[in-house]
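Shared between the two complexes below is subunit A, which has subunit B as its partner in the first and subunit C in the second.
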Partner chain A sequence: MSELAAILTRAGLSNPEQREHWTMKWISTMDHKRIGILYLSTALVFFVIGGIEALLIRLQLAVPNNRLLQPDEYNVVFTMHGTTMIFLVAMPALFGLANYILPLQIGARDMAFPRLNAFSFWLVPFGGLLLHFSFLAGGAPGVGWFAYAPLSETPYSSQLGVDYWALALLVLGIGSVGTSINLIATVLTQRAPNMTLRRLPLFSWMIFVNSFLVLMALPVLNAALVMLLIDRLLGAHFFLPSSGGSAIMWQHIFWAFGHPEVYIVAIPAFGILSEVIPVFARKPIFGYEFVAGSTVAIAFLSLLVWAHHMFTVGLGHTVDLFFVASSMLIAIPTGVKVLAWSATLVGGRIRLDTPMLFCTAALLQFLLAGLTGVSLASAALDWQTKNSYYLVAHFHFVFVGLIVFAILGALHYWFPKMSGRLLSERLGKWTFWLMTAGFNMTFVIQHFLGLAGMPRRIFTYADLPGWAWMNMVSTIGAFLMAAAALLFVWNLVTSLLNGERAGDNPWRAWTLEWATTSPPPPGNFRSLPPIRSRRPLWDDANPDRPDPMVGTKWRAEVHVPEKNETAVAAFIVSESAFFAVLILAYLFYNAVPEAGVGAHSLNLAKTGAFTLCLLLSSITIWRSEVSLDRGNQRAMRLWLAATLVLGGIFLTGQGLEYGTLFEDGASLNGNLFATAFFTLTGFHGLHVCAGLIALAIVLGLARSADFKRHPPPALKAVALYWHFVDAVWVVVFSTVYFLPHLR
Partner chain B sequence: MDQDHIRLSVAAVLQVFDPQSPQARAMFRLGLESSVIFAIIFAMVAGAVVYALMRYRWHEGEPDPRQVAGNTTIEIVWTAIPCAIVVALFALTARTMSVSDPPAAPAPDLLVIGHQWWWEARYPKSGVVAANEIHIPVGRAMSIEFDSADVLHEFWVPRLARKIAAVPGHPNHIWIEADAPGTYLGVCSEFCGTEHAWMHFLIIAETPAKFAEWESSQLLPASKPAGLEARKGLALFEQTSCVSCHAVNGTVAGARVGPDLTHFASRRELGAGIVENTPDNLRRWLKDPQQVKPGAKMPDFKFSGEQIGQLVAYFETLK
Partner chain C sequence: MTTEQFLLRGWTWGGCSLPMGAAVLVCYLVAFGFQRRFSCFAAALGLTLLTLRSPINSLADGYLFSAHMLQHLILLLIVPALAMLSLPRSLSLAMRPRVLGHPLFGWIAGVGAMWLWHAPALCNAAVSSRSVHALQTVSLLAMGGLFWRQILAPRESERLVPPSAILYLFSACVTCSILGIIVTFSPVEVCSIYSAPPIDRLGLLQFVRAGWGMTPERDQQVGGLLMWVPMCLIYLSAIVVQIARWFAATEGPLAEKL
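Here is the complex of A and B:
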């Protein structure tokens, strides 16, 4: 331990003179830079685990009819590989980079909510442990990373692995939403003066846009996981066709998350390329507005393309064609980006240092991934290539060819900032060439394996013509990649100890993270250069030819929103996505009335009365806010108490409704109406409870002297949430209670 | 597997490049057309990047270049060009879809049901029930309806037809057809649990005359075995729990959980493609199916060597 402490001290990561033990300092940290490094280190640990799983997969497939792994062992290995690499490597690595770099790039002292930041981070190791605990709890999941129902349902996967998988993903999903709320609030409320949104560096811009995508996509997964867990643990049957559920519904919900997820990990990679390529070409990005705008287009379109994962499920040609069109459209903004990066190179003075090598390889590999992606978007080609190794090759070209290469580029680029030392260029170049050779050897050939008819996820294969040698080539390539990864870790360790001192700005880059020391001090900046364009440090270094000013005025008058309200608004976006899924699921499962309890069993008049109470509570809380603004704190407290009482009455009403339904024999594991009804109204009820607790806390705090002197913005934030809970109920009430009466 | 078709050519290896039906040919043609488009795009963009990397290298002491921040005209042009390409690809895709996947027939010629981990094929018009080996007449498009007995499966014969999922509670349809007699390998391409890897099937395309002959032979019930061993085998088969999963037409066995065994000995493969159907392999299978195909739904019945001999003798009579 003491040796490790010494190493950290030498590397400048810990200070022995401070009384607190260095481990405590890291565990209890709320500094965005340390949290960023924690994220990245966690990602590295899981990258090693996921990498070993990848090697096991390739070893098993190296020769035909191999019996190295039992079939179920293989199924666990590829499930864990996919889940780990996406949720425990790609997401944490990108959140880590965002955490470290984004506040620096926008000239902020820290994230908007340091405690939330630490909490969101610690959910990652917790989720990872929960997932891996399944190995000890009688069997890890072996259902694939998208856990298609009904295979993932209890009759076909009776062990606890799937439950741990779903719980772990829920935990990780909540952490991702937390981080994204934080990133959005940071960009909106913590920017340095004059750092307008139009002057945002592209990496920060893309992280900002991406965070909205996380808010809209992850809750959809959470809803799917909750429904799966209700099926598995409470005996319901959302996704069990044998009891009336729908296997296809799982796919719709999962991919409504799953496809945006691809972009959630790709967009930060786009941001990295947009940051690194200009610096090493010594030119600004070609067409900032187009690159930034195309990101918004990609994020928006990515929400509308999910069913291209379902071209073989039999949705009909009309639906298929809609998704062919929407999926192909994504090629346009993506193409704009690829061309912009390429054009940035033209006329530059290109330095091929390691970060640039990784980013140009990422560019070329992503070009190929994009083109094979278009072929998969064409339903008629997808009918041959889907679920084959062609698809495996395609998405590894995205996940590794683009994303891992971009992350490696980013780590080589920003490591000097994070550690104060340069990585070894010699080892870096070796890493790059080994990685590039290994990666292309592993995955180029897999396109052809797919065309040879090899389906994905098979634990072994017959000795069909061509299959054996192609698989062997792929396996050898995988080991080259592993060697490259080891070399990279070696480079990290040795450079941390003995690397050359980096100085503030070793790459002569132009964004604000390079305007402070390496590593930056607590609070990040001693002083900031003037910000009037997108490249403040270029302007600083080239007073004779500065960038044209962005915007009409140098000193921008920017309205900065209140950060708590911003965060609650962002949270509401994510909650809306969650409830949208539950409401759509309710409509789907009740399209055809079935026997037993149904919407007709509900008491419209009684619940209508309780609904009125909930609506009134929106008015009382608004009065409470008004009273606070007028300085009448006593009235504020009274209105707040009234809100609590009205909310309580509503919950009681819900309880009575449940009681009547139970007497009629309804239960969560009864018919589909009951399953969908209790899930939807139950989750709404939980949100009402959470709102009431928050209101009660505010009411309690309001009695303190501190509150009386300086009322904090908490009431406004909680009120916003409370209005949202009421609004959701209006939609639920109209859908569940009112709609059947219109038929 | 596909022994009679092995030629050491690209087509022999890359099945998708060797279409043997109008439906598969349409997809193959679309593949070629789009590959040409993709190859041109790749060559142009990658060529430009590589050229730029070589042409615009920094040399020691050179100052930063002219700072060009973009060009709106160029941006609009290279947004418009991909738009045109996308429209063209969409049109080509829509055309191919209608050729490769015409509307379903009112009554299917074949009902294919996915099971963990084998395929059941029923011919509703004649009443034939087969497993893993699906015979079709050459030159006639057969309409198939798909169902699943348990989880999702996916039916993929690269040389003949589009992929289609077998979804429980959601019937799907495709057309399948073969130009020439031959055996075409098919696989399950949607992960379906433990033995997903061994869910092969064969499409056996025959001349219409041979197909009719096959169909009528399949309709015959199993004949009473003549030999003593085989008769003992039949008795054993009927007395043990074999009959709670399997069916043999003409005996008490009528269960539909596992494959129909009425014409077991006429099949080429055992365990959905894992081994050839020979008496030796059958002996291994009956000794312990879990050794041959770990995870298969058939348990180890711990038959004695003598019992296995009797059962093999009986099954070999089920031509």
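Here is the complex of A and C:
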């Protein structure tokens, strides 16, 4: 007890007020470093939960014909394990690292939008609570992390678990999009002078590229979840084949998100390897340009190949062939990366400290994951191995072998910066060897289990030759990993309390986060070293032989756009992805008209008139911007008011249209036309409402004296969003109202 | 008929594309002479003639939607890009009025060409009418030229800077992919003339359907997939070139400022 008291006194937490103050400081924080640590701690908590679930799975599978878990319980544990590890561990951990490190690496004081940052973070525990609340609400989801329809639909999963699952993922998805918008805006607008885009450290560059991927992929999942929730809560049937829906549609949308998602968690891991390997090989990275450029290629390709998750669905050989070819192409840019990291190691003075150990293992394990990945990209092999443990082994080599190892490497690497104290190298090495042994024991053997025919997603298995001992080995490996995880937590706690002082730059690294104190002060930097290459601290320490200067040719490298407009533009990208899914779904469900209400029930002329109002509102808001630029604030307010009125007229028109349809007997849970129509136009209407509220707020602010003296950039940002809402309507109007007349 | 026989006999030599090709060749040689970049021009011209005269055209002429898509792909994306590369670096492609030089215009031309010519009515008309087909070919080449001008204009100053170029190419890729996805998975026919050709001009129908197994559904799928995957890979290659251009630049007008 006295020891605890001593620790509390040392930390300045001896009395209750101090403790309350400490708690409030963390809860109300908007500092990117604290938010980063909050993200990482949350991820650690869920890592323990997801890890316990993994151990339950492995215990159940340790021996044949086991009855430790009932089939339903197994399904729940297996669903929660997958969902937790991806959405509540991998993503928050990587966002946490990005949050903490990225602003430091680019020499920024904080993220572009600290409040948005705090909001995005708090959505993670909220989403996690929602997901786990399903245990109390009568049954957690048991439909897999992929929630394939129709299993995830009400007739087959009638408890609330799937609803909580979908709501939780929706909340987490919104948080991820928020963070990504913030990261993009931070990189584009908060960089230190001279930190040109081509001088970005690779971790920051990859987080930047990755954020675009999040912007495009997560909204696709959000659209799918919204459609699933409409099915489940409002009685529609997007994904119910029994009433005309399409279960394959769910798989398409899910994997259109799911495949990029793999890269969303892998690219930051690539970034970590690209930071750690050069520092511990004491050489600059080999082929910076290739590592950075291949990231962009990977991000693009990842959006193009989702159908390879669906070879066994039966899309036909034609479709399969194209996706075999495009999936295999991914091996090129990833191969470029592996080569670059290996070439960095060649001839380096390699120091095998714990961070480097984890990253080297990650590199080797990722190589194996890539090789099995290429084998799975071939449709013929995929047919044989997809529903076996071979696939389980493959993706765990990606998610654990690469990503978890890279995150552990990153935590060992950056912990001294975050805490000011070194982690114990002795414990770190124990952690590493236990983890590596455990991981390879668990998953190498699963390749063979899969080739021996053991199917995945089953709660138990018969005592077939060889299966029992292989599963036992796998289970023992899992417990070794658990021991490593406990050791790691012990290392964190003891080092935090009694670790050796780290100093500013314990690894003698070269990027800007090491140019400040450990931990960094609230504003991050007292002064920045000159930045003229990708390794400013090397240049600073070796003035006689600095890195060759990275020149500046393009204005885009140094241009700093307005941050609010940047954020709105990024938000528009994500919203476009969301609407693209809803519009494609509308087209798909209405390709062959059904009986009942349909496109013929819509009034083209009337809605055309209201559409004109909406288009006019784009002109009025443009006039409002022009008036503001000319300093005529009265005209600006008038044009803004006109925009509000026109937007209101449009919404009224939309309401009238809904009224007529309701009179015709249309309802959201009626036929597929009605479902798709109300979903699409409803979400557009919601966006119009949001735009109107934003416009009203700007109009309200515009009357204040502050606004009159220094007009803030809000109007331009809101106007950008308003133009987007109008542009979406043009597409929706053409698709829904106009297209049927062309037939 | 076997595939080999078809590949030998499927060539057509009539029409005005050969004399027009010769005329363009003469114009090019008169204007720019015979220089290093001529190889790009020869490739562009050769590809055009191959697309319009080879068995691909015989198939596209009422038999296979996918062959017609392949023609689109070559005429819209590959030929104009090669033609742009064949121009000498000093040539300015500045256009009047200035709005024609705006990236949005080039983007709409490139993406719009794909969407426009796949409206069912226009798609059918291009197959059944010679003159509409000729118009289609010319418009694809022209719109492709407008599209690529932003990326490959001979003068560096008239090209988009790499980040904008990547955005330009990527958004074009996504927009074409969306159309490709629609065509691939659409339960209805996009270009109905291919599923029930009014006349079997070359006596190929049986051969294509039974010999190659190209049912109308599979044909449309292949067409959609061509637009979705290989077309995106062309854009992606262009993006990779832009990345290389971005990172390869060593110095420039801003260098001394920083």
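In this text, the second predicted complex is superposed on the first by the 717 of 743 C-alpha atoms of A that agree within 3 Å, B and C clash if a C-alpha of one lies under 4 Å from a C-alpha of the other, contacts with A are read in each partner's own complex, and residues count from 1 in each chain.
Everything below uses one rule, namely that contacts are C-beta pairs under 8 Å (C-beta built on N, C-alpha and C of every residue); 3 or more make two chains touch, one makes a residue touch a chain.
Because the structure is predicted, anything quoted here is derived from the model rather than measured.
Within the superposed three-chain model, A:Leu329 lies in touch with subunit B and with subunit C [touch as defined at top]. Touch criterion not met for A:Thr29: it reaches neither subunit B nor subunit C. Touch counts on subunit A: comparing subunit C and subunit B, the chain ahead is B.
Of the two partner chains placed around the shared chain by superposition, subunit C is the only one that A:Arg555 touches, whereas subunit B remains out of contact.
In the superposition on chain A, A:Gln159 makes contact with neither subunit B nor subunit C.
When the two complexes are overlaid on their common chain A, residue A:Ser601 makes contact with neither subunit B nor subunit C.
When the two structures are aligned on the shared chain, A:Gln633 is found in touch with neither subunit B nor subunit C. By the touch criterion defined above, A:Arg349 lies against subunit B but remains apart from subunit C after alignment on the C-alpha atoms of chain A. Where the contact sets of subunit A with subunit B and with subunit C meet, they give residues 288-289, 325, 329.
Contacts from subunit A toward subunit B in the complex involve residues 70-72, 75, 142-144, 148, 150-151, 156, 241-242, 246-248, 281-290, 312-314, 317, 320-321, 324-325, 328-329, 331-332, 335-336, 338-340, 342-343, 345-352, 360, 363-364, 367-368, 371-372, 374-375, 378-381, 383-388, 448, 450-453, 455-462, 464-466, 538, 542, 545, 547-548.
Subunit C makes touch with subunit A in their complex at residues 119-121, 161-164, 166, 170, 173-174, 177-178, 181-182, 184-188, 218, 221-222, 225, 228-230, 232-233, 236, 239-240, 243-244, 246-255, 257-258. Those residues of subunit A whose C-beta lies close enough to touch subunit C in the complex are 194, 196-198, 252, 288-289, 292-293, 296-297, 300-301, 303-304, 316, 318-319, 322-323, 325-326, 329, 532, 551-558, 580, 584, 587-588, 591-592, 742-743.
Only residues 1-2, 6, 8, 12-17, 24, 26-27, 30-31, 34-35, 38, 41-42, 45-46, 48-49, 52-53, 56-59, 62-72, 74-75, 78-79, 82-83, 85-86, 89-90, 92-94, 96-98, 100-101, 116, 146, 150-152, 154, 156, 158, 162-165, 167-170, 172-173, 185, 187-197, 200, 273, 294-295 of subunit B touch subunit A when the two sit together in their complex.
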